[in-house]
Amino acid sequence: MSENLKNGTGKLFTNVDPDKMRAFVREKNKKKVSKLTTVKEAVEKFVSDGDYVAIGGFGGVRIPVAVIHEVIRRGKKNLGFSGHVSTHDCQLLSAGECFDRCDAAYIVGLEARGLSSNARRVFQSGKINVTEWSNGALSWRFKAAAMGIPFIPIRSMLGTDTFNYSGAKEMFCPFTGKKLAAVPALYPDVAILHVHRADIYGNCQIDGIVVADDDIAKASKRVIVTTEKLVDTYEIRREPNRTVIPYWTVDAVIEVPFGSYPGNMPGVYFSDEEHLSEWLKVEKDEQLFKEFLEKNIYSCKNFSEYLEKNGGMEKNEQTYSAGASFKIGGENDPL
Amino acid sequence: MTRYNNMELMITIAARTLEDGAVVLVGTGVPVATAMLAQMTHAPGLTILFEAGGVAPLLPTMPISVGDSRTTHKGLKATTMAEIMEFCQAGMVDYCFLGGAQIDKYGNLNSTIIGDDYKKPKTRFPGSGGANDLASLCWRTMVVTPQSDKRFVEKPDFLTTPGYLQGGTSREDAGLPKDTGPYRVITDIGVYGYHPETKEMMLISLHPGKTIEDVKANSSFEILVPDGYEMTTEPSDHELEVLREKVDPTKVIIGRG
Amino acid sequence: MSENLKNGTGKLFTNVDPDKMRAFVREKNKKKVSKLTTVKEAVEKFVSDGDYVAIGGFGGVRIPVAVIHEVIRRGKKNLGFSGHVSTHDCQLLSAGECFDRCDAAYIVGLEARGLSSNARRVFQSGKINVTEWSNGALSWRFKAAAMGIPFIPIRSMLGTDTFNYSGAKEMFCPFTGKKLAAVPALYPDVAILHVHRADIYGNCQIDGIVVADDDIAKASKRVIVTTEKLVDTYEIRREPNRTVIPYWTVDAVIEVPFGSYPGNMPGVYFSDEEHLSEWLKVEKDEQLFKEFLEKNIYSCKNFSEYLEKNGGMEKNEQTYSAGASFKIGGENDPL
Amino acid sequence: MTRYNNMELMITIAARTLEDGAVVLVGTGVPVATAMLAQMTHAPGLTILFEAGGVAPLLPTMPISVGDSRTTHKGLKATTMAEIMEFCQAGMVDYCFLGGAQIDKYGNLNSTIIGDDYKKPKTRFPGSGGANDLASLCWRTMVVTPQSDKRFVEKPDFLTTPGYLQGGTSREDAGLPKDTGPYRVITDIGVYGYHPETKEMMLISLHPGKTIEDVKANSSFEILVPDGYEMTTEPSDHELEVLREKVDPTKVIIGRG
């Protein structure tokens, strides 16, 4: 039968062997100790040139902007990354020319807002090694890694160029004989996530869409978490059903209020659509874009300065809290 | 002068496809406007899902992102992308709405590259996103798009998302779930389905004021035109009123039409 | 390579083909309508002789006792069931002689409390068709079904008689060449679950351990839910991150306070260890056991009568609320 | 008269094995008593998991079920059995504690049947439960059990849960994760490990008052006795005090010893 089976020709950028990851996890310190640190220290300690990076959230929703800016400021190079609904984060990493390879499911776009001309320039340059996947496939690759298995069989991607340019393999189901696509586990070197609440040990809660953050945290060798709010461990223990990410997966915790700016933080603040439009606009002019990056990233000593330059807490409090009217839930409002 | 523009026409016709009680997975823009219109007219029991994890929210206004706050606003569940895709894979989702830079006669879509060198494409688009999964796993794929010969192509530069692949039985032969596939293409010219055997795109109804010439002139492949095609029933005043006043009062989507 | 691969010799009691289940799910009414009913009606409508049944919870924790008693009273026969930590529920189904086949991971025991001599009699009779699994394997079989894939590859069971007497198959990983155990999706005909809170549509919340209830609900053709408390849908919409089971999977909802009795309900009431001991004791004498079953199940017109006969609400309020001191969380208590 | 009974001795010795910062998956009875004792003495940073879904609770008293209220009492996470098993499969769990009706020289366990007819067994036990998964997937399997020639058998009637299977490299050859396997067997007579090459059970230390004769008389297979075996260090007053007063004040477990 196997002569009928196709393999995707895309390159796998990460190890697939679960026993290698098991050996790493075994040695990792799983003691409940404080992981509180700063964005600068976290990037210095946990992100190295050449690392494969996974970014949490959904492109423009619950994204860890402070850490990505620091990665750019520090001039990290030759990263790999998973383009799992990578919108503003892909735009940022492209602006910093930080990567040379990418597992692409959704890149270069900002959903309904349009396409990033600079990210397209980067991906059209021929300098980036790209392997295609679907969003589902990348989600399931993280899930396989989180589950400790080398692959998961799925029923999408089959028959398409997305499959042909992926690193998936066709296989027959041992029970039904049906053709399936096997997608390999994806173990990032480092995950960068932004959550609603975390304690000093790294136990995290998320409101609203979880996307793939739960599996990404378990799949990654190192995990950097920024959190809107640092909470006492008592808050975590009060509702153990709400813990999405358990402490032993996490290496660094930093409290960064408005940390998803200019993105949306479900139930807390909305996206700054004006600023995101400006991004898309200035990218079309190389000189303007250079100045824009200098102002908003390179010359900023930290994320607070970026916030200040774009309206600061005042704008945040006003404009963005307006977006909080889309509550997860909606406390006082009958149906 | 018509009572509606092309965008309003397409959204209205698409919304009628969604029967009450169906489950639909939508993206931003036209798809979510379509689902909201259906829910506010004939299909109050429509279940709306978003691939980022939002399940059955009470949508206050149209989301700008498939994952923004609105997609879980008073939702019945907020979860992971994997779980949403698994609902699709398990056969729970009746409809998905997709688009693309190119579509061929079998409903295959391209949203990855334009050009003939994958490594150095002329134009890079986002790629599959969730489209490949949704078109593979949901029962019926809907495409709502303006029609032109640039978009309706003989051979897409990249087959991102499966329609009926090479037609006939090739979709199921490739391993994709049984009885799934493209269902309707709704353009500014007409509504199309697919031939039951060959799976080629086929005219179902022609919009008011449009001709078979328009159908043919705006496609690079031949669209089948059976004898019994119908004329599209125009949007009703009620549909237009709900669309304009409740679904898209700021004309973000229908303003484009 | 395949000549080196072993297959378990155990029988598969359920369909493995995901396309058959997809076709069923497609036709299932997924409209948000009230599923409120009674235990009697639910069993009459949704449980038939010969059905394969999956029971939620963890044997003596969060178990749907009211529905199981009704299954016994109605004399349901030739059921199949998944022995996924099946303790008091296995004891009950054995008492009713309701089944003739079983996917066994954990059966006939009540954990630290001892073994059920009657359940053992049944399983030692030679009349039950048994296929062996591990708890993990059964969990993953439900998960494969919930995910819509025909199997999941796992790394346990290999090399043992548990594998040899299972329905699993060895396979080689298409990426690493490693040997894995493929476990097939398990689609029960009917799931019986007990939860903390549900609305009339079947949206359910669970406090504490979820066990496999989330996957079982999605894997099963029909789902009967009993709930400690019926809540307004507004309560569900207030916290969409807490919804474990979504409404479209559910066919019947019945409010049954103390519905896990004599089992434990995390955060609400504890188990009645006295009564469970009595069960284990009377099982040793055939005549006594017959009388015990007559009193506690067959002669009861419903679950309330069973509760009344065993101390009723008074005992429940007193003895069992004591167990509620083991809160999920622990509201007022600093660490 | 000794200062402690066999149960107290076994629990104390087992608890010492668990280093601070380790992750341990326990069942009810001796295992949870062992983990609690370790946590209350030398290993405050021990992470305790339960297969039903409880993660790192502040255990008020010993659970009677692996899933009862106590196992999530002020826990850091409450989840599914699948997720707990996946933590094990991903290499996160250092120790699990198991038992069985029979154990052989390679640490294989039987908890399924006694008898030679699977279809009509003389005695039916619960089966694997989570034991097969835990012994397959956690790094080190611990067994704490009273020793007798009935329990220490040449060939178990059913190989429920993997030890080193047929010894040598057979465990990894079967596909089980690398570098995992039985670690210690702690009985009322001694502490045993496994020969690094052949994987046969091997004496590590002999309890006070016990002899090599006791070791041999209470096993149906030959236990290796190397020259360099040690004498078990007795439970300290502090260990016994914590065990009796904090871990098991009502003597549910240690009362059996």
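Letters are used for the chains, namely A, B, C and D, taken in the order the chains are written, and counting of residues starts over at 1 for each.
The rule is simple: a contact is a pair of C-beta atoms (placed from the backbone, for glycine too) under 8 Å apart; a residue touches a chain by one contact, two chains touch by 3 or more.
Predicted model only: the values in this text are computed from it and were never measured.
Chains making contact with chain B as well as with chain D: A, C.
The centroid of the Cα atoms in chain C and the matching centroid in chain D are 28 Å apart.
Centre-to-centre separation between chain A and chain D, using Cα means, comes to 40 Å.
The residues of chain D that reach two or more other chains are 58, 72, 74-75, 78, 89, 137, 177, listed in rising order. Within chain C, the positions touching two or more other chains are listed as 18-19, 148-149, 154-155, 178, 180, 207-208, 210, 233, 237-238, 240-241, 328-330, 335.
An unclassified topology is adopted by the chain contact network, corresponding to no line, ring, star or complete arrangement.
Touching pairs of chains, sorted by label, consist of A-B, A-C, A-D, B-C, C-D. Against chain A, the residues of chain B that register as touching in their complex are 27-29, 50-54, 58, 60, 64-75, 78-82, 85, 89, 108, 112, 118-133, 136-137, 158-162, 165, 170-171, 174-177. Interface residues of chain C, counted against chain A in their complex, comprise 16-19, 148-155, 169, 171, 173-176, 178, 180, 182, 184, 206-208, 210, 233-234, 237-242, 328-331, 334-335.
Across the complex, chain A meets chain B through its residues 57-62, 83, 85, 87, 104-109, 111-113, 115, 120, 123-126, 130, 132-137, 139-140, 142-143, 154-162, 165, 170, 178-181, 207-212, 214-215, 264, 266-267, 270-271, 273, 323-330, 333, 335.
Considering their complex, residues 20-23, 45, 47, 55-58, 72, 74-78, 86-92, 94, 137, 139, 177-179 of chain B touch chain C.
Across the complex, chain C meets chain B through its residues 18-19, 21-26, 29-33, 145-149, 203, 218, 233, 236-238, 240-241, 243, 246-248.
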